[in-house]
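Order of writing sets the labels: A, B, C and D. Residues in every chain begin at 1.
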Amino acid sequence: MRTLLWLIPALPFAGFFVLAVFGARLREKGVAAIGAGSVGVSAVLAILAGISFITSPPPGGSWTQTLWTWIGVDGFRPAIAFYLDALSLVMTLVVTFVGFLIHLYATEFMSDDEGYSRFFAYMNLFVGSMLTLVLADNLLLLYLGWEGVGLCSYLLIGFWYKDPANGSAAMKAFIVTRIGDAAMAVGLFLIFMNLGTLNIQEIMQKASHTWPRGSGLAVAAAALLLGGALGKSAQLPLQTWLPDAMAGPTPVSALIHAATMVTAGVYLIARTNVLFLLAPPVQAAVAIIGAATLLLAGFSALTQRDIKRVLAYSTISQIGYMFLALGVGAWSAAIFHFMTHAFFKALLFLGAGAVILAMEHEHDMFRMGGLRKELPVTFWTFLIGSASLSALPLVTAGFYSKDLILWYSWSSENGSPWLWAAGLAGALLTSIYTFRMVFLTFFGERKKEAGRRPGRVMTIPLVALAVLSVIGGFAELPRTLGNMPVFSEFVNTVLPPVKAAGEAQSAEAAMQVVTSFVSLAGVYVAYLLFLRKRRYVEGLAATRTGRALHRLWFSGWAFDWVYDRALVQPFFWIARINRDDFVDLFYDGIAWYNGFFHGALSLTQSGKVRWYAMGIALGTVIMVGIAVVLL
Amino acid sequence: MISQVPFEHGLILAGALFALGLIGVMVRRNIIFILLSIEVMLNASGLAFVVSGSRWGQPDGQIMFIFILAMAAAEVSVGLALVIRLYHLYQSLDADRASRMRG
Amino acid sequence: MNAPFYIAAVVAFLSTFMVVTRRNAVHALLYLVVSLLSVALVFFLLGAPFVAALEVIIYAGAIMVLFVFVIMMLNIGRQTAEQEREWLNPEIWLGPAVLTLVLAGELIYVLSRMHGRAYALSVVSPKQVGIALLGPYVLGVELASMLLLAGLVGAFHLGRREGTGGERRP
Amino acid sequence: MILVWLIAIPLTGGLLAWLLDRGDDRLPRWVSLAAIAIDFVLALVLWMQYPEKANVLPGGAWFVEVRSAWIPGLGIGFHLAMDGLSLLLVMLTAFLGIMSVACSWTEIRERVGFFHFNLMWTLAGIMGVFLALDLFLFYFFWELMLVPMYFLIALWGHENRIYAAVKFFIFTQLSGLLMLAAILGLYFAHARETGVYTFDYLELLGTSMDPAKAMALMLGFLVAFLVKLPAFPLHTWLPDAHTEAPTAGSVILAGLLLKTGAYGLLRFAVPLFPQAALDFSPVAMALAVAGILYGAVLAFAQKDLKRLVAYTSVSHMGFVLLGVFAWNELALQGAVIQMVCHGVSTGALFILAGALQERIHSRDLGLMGGLWSAAPRMGAVGMFFGLASLGLPGLGNFIGEFLVLFGAYKVSVVMTVIATTGLVIATAYSLWMVQRVFFGARREEPRPSDLGVREMAMMAFMMAVIVWIGLYPRMVLSTSEGALNTLRQSAGVSAPSERMSHTAMPGANDDGK
């Protein structure tokens, strides 16, 4: 099984190549078969690899397969090599499995769209790049996957290229993430120069030997890698691109902007955890950024009208939780939340996609309503997803993962009550906006006829993801509820275990009661505000501060406005005024003076013989004068 | 009969005559006067040659004078022919009239 | 012993000065002849009798006569005199005068700094000149003859009055 | 002798093409295509046997050499030699030569024979530059490639081609003269030191002279190469020359002429005056970084497609300059890779721009837009090379740029960080270009037909090269490794005596751990 490791990323790339070259000639059926098939087979392979990995764990806890040396310049020898250990196995499984489900969903969702083969080519390229990123054995190959997913997100956001708005949203996404990538690149340079290698495992060992805890280099390296992670995972301050990324087709949002790509930053930090442990200030920064982002995104999600933008802000918020977990050192909790989040967020997006399809591409929730009876399956699966997102107690996966994070943000060594409080407030906000979305779309009076019902192929993924977002949570039962931490034991073979302060079990139980009460309260508040007395909410929004707050939150805390004023407009201005290259003026100036002197000198050619005689005389006088002076 | 004239005085005389010829060329607008002044200058330079030739007792000075004479003769003949044509063309001997060759 | 040289020099200078400043062309021409004769005398005094003779014969005789012909042909004697008057207003003289004064000054400065010892000016007999002329300078003589031929042809060709055709009235 | 053939074939091919112009237009095209194709085959043959016939000449990785007296009196010899670096660039010349002949198949209508004559003679001049080891011969070829290029732009160019051609000529000629002065200065300095009057590069290598004079001579060389490279302040001829040149002219200009500048830096400017180059390197690196950012910002602002691509070349060549003056193993290899990949990717972009101009008779980005629906294949190819120019990992340019940045980081952190921000602006301009040309609302009137079979074959070939270098650059790296080690060693600012010893450099190294 070990030797087939390279097939997992290779298959989607092969799918991309086939579809890119022959796509135009294939029928939709053929394209769907190749597109979904390649990801499906690599999913199967991943599962097989997982099984053989778990049943007969390899000695070092990891498999390495080197295909060829990528660049060979004296000490700089990165290789195209894949490295499978517990962490990357979890990531691969989630990416391939959820990826396959979304591909399946997309075969019907995108049917009779004129760029059908192009869509699946890009999707396969994305899955291939994501798998390369996850399985990369050295940072340069990881960077290749990193940029590859960024490219695919650009291609897929701008998929419907006829509308220029999609194009600019796509460019915004790629450029903002590219800023993060530039920081990460500098991090790579720093690491290579100081540690002499890019291989992740070697970096981990060398860093812990050479760099003392909190040394300048460690902080710099960690901060730069964090920069890359912020860009890709849409955290403060580089989060403005994700809401606009909803311009892409819904399966894209489900796969890229919910399940896989946006969590690449989480994977990077988890993978290079030694660097972050060596740089406590940076780890604290991760926690604080996580907490701040989850609050900001929560508030923004409250005010959105477009169903996909609500989910986008919710994704930013949930990743904020993962960053919080990473920040406080609960590595396995972050990965666990990543897994459960992948399930229920993908489910919510696919559900939203079904709703949008039914509503003939209507995105505004306030124009939908009462779809409960029209789309029963979609409704129930959507409800399960929402429940899991807002972490309804005991029954949903979201509860176990989010509760774990909140618990560790309280109890772990570098956790703090403030972080916990922020997390809790975030949980409240989450359940309010989630159920606001549910009530607005599925309850209340029907405003529009439901057009196209989701077909069988679309409902299978919905149901599967719904099941997963319920049972997914049972993989990690906390001490108080069955004490079966299967997931964290598995992942902690790679990631360092949490350094909890050894709180009593009762404290943990009390904490769980508080979080479940908060999530239920959120549901009730949403019920009150958006189902019963809608007038009350309109009244609240009508007040002056209300309107100001609403505008602020709606625009994502005006980050876009600030960036536009501070960075984008000046850049355009500089580019515009210097369009034809002021350096050129210097050379044109030389040419002009040349002409000027030509004019002046030609005046001396007056044609009068006597003037010439005068000139000759003057010349002789000067020459003789010089001769006289010199001798 | 050989005079003990200091060699430099001869040259100074040549220089003075040359200067006068030069001033003539520059000042006069009538072409005939310009030609005359050129003749004066030629003569002055011939004088200088002869003076220095006699100073070192070499015939070269005089030979150079002969060449200058030949050149002056040819130059005057052609020059005057041109002056005649110019006169027919412009009906005046003003040197500044013929200034069509200007930049 | 050197008196005649200085007298001739002064006469030459004055007559040349007159040549340059006269308004009437004929007067200028005659002064020039005087100047040439005085220079011929200087040549004679300097021990170059052959050249002195040549000066008188060719320079004063032939070239000046040529000038006389041209002046007569163009009859520019008196009536161009007053035209000369407004051409020769004093301030025209200023520029060139300054220039030539500076030039003359430089020449004199250079010459005066040389050691002014008088040398016995040796006589160079026409025989020596003849030998040298047809010795090393034979090429020069041939060239001079060709130059004269060219001058002849040029003068003849340009001098013809009509039948040249083709040249445009201004 | 094969080197002489390399140069002689395009020369005769060009002449033949011009003579055959009487007949129909197709004949000259086939003749010049055949000539340059033979050249490419020769280059491949050389590459095949590269490892075995190593170090024919003392001091390193020369593996083919032709030497004969030309003007013995002045010490000028007809000395051509090839090492890994010049082999790569000669292959690039032949490859882009084929592409430029192929892409002007339908574009050039009048005076086809003379066009191909100029094209072939420029290519011969460029190959001569890459092979010449005698400074006088190098200057001869430097001029030889300049004049036909001037005719290419002046006769077959677009609107104000005369202005562009003259500007190009003056810029290059003036700086060329500075270089000539520097060559002569070196010639006499060497003569004074060793009494031997020679222009031969290998002898001139060791001349030691007082620092001020060395710096002056180095600057003489440097200005010529910085104008050709287009480094920041001296680059303004490039956009005009590119906008007005015919497609083949642009491909040659961007793909090859810029490389002669970089090659000159690598071969002549730095090794001949190692200490002066070392002292000058901070300034040069600052110029490089300025070039990267300045080129990128200006590329972003352009309205004319070819002008935009021209400014991207200024930005990419900034990386090469940064690599050259960082002067360590990584940076130099990066610079070589960047040269090769930039040649191919920018050449392709120009062929695309030319094809677009042939179809919609304009280069104005305002008129384009929504072309993807009309010409999907052209869109895909344009997108590919746009991504190559922004340095997407997995493609060749990324390898070049990152090796340069890795190398430059060792020398100066600040420069590298600023250069890395250049990557972000690079993303901006290339995505902006792709957006304005291919995406956006579909227009009715310019309905360009999609790429034909000929064009698609060319593009596929170039894409293959870029991806091959992107994923498996070791073939290129090992070829240029020997040459770069020699250069680094000869400029290692070590004592002249030590440099004279013939360090036997194994031409081919083992295939890596």
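By definition in this document, contacts are C-beta pairs under 8 Å (C-beta built on N, C-alpha and C of every residue); 3 or more make two chains touch, one makes a residue touch a chain.
Here the structure is a predicted model, which means the values were calculated and not measured.
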Least step count from chain C to chain D, where 1 means the two chains touch: 2
Identifier of the chain whose CA centre is least distant from the whole-structure CA centre: D
Chain A-chain D separation of Cα centroids, rounded to whole Å: 38
Centroid spacing, where centroids are CA-atom means, of chain B and chain D in whole angstrom: 64
Centroid spacing, where centroids are CA-atom means, of chain B and chain C in whole angstrom: 5
Averaged-CA centre spacing for the pair chain C and chain A, given as whole angstrom: 101
Multi-partner residues of chain C (at least 2 other chains): 95-96, 99-100, 103, 107
Contacts with two or more other chains, residues of chain B listed in rising order: 22, 26-27, 29, 100
Residues within chain A bordering two or more other chains: 614, 617
Inter-chain touch pairs (all): A-B, A-C, A-D, B-C
Chain A partner contacts - residues on chain C that touch it in the complex: 95-96, 99-100, 102-103, 106-107, 109-110
Chain A residues within the chain B interface of the complex: 602-610, 613-614, 617
Footprint of chain A on chain B - complex, ascending: 22, 25-27, 29, 34, 95-96, 98-103
Interface residues, chain D side, partner chain A - complex: 167, 232-233, 235-236, 239, 297-298, 300-303, 329-330, 333, 370, 372-373, 376, 380, 387, 392-394, 398-399, 402-403, 405-406, 409-410, 416-417, 420-421, 423-424, 427-428, 431-432, 435, 438-442, 471-474, 477-478, 481, 512-513
Chain C-touching residues of chain B, taken from the complex the two chains share: 1-13, 15-24, 26-30, 32-33, 35-37, 39-40, 43, 46-47, 50-51, 53-55, 57-63, 65-67, 69-78, 80-85, 87-90, 93, 100
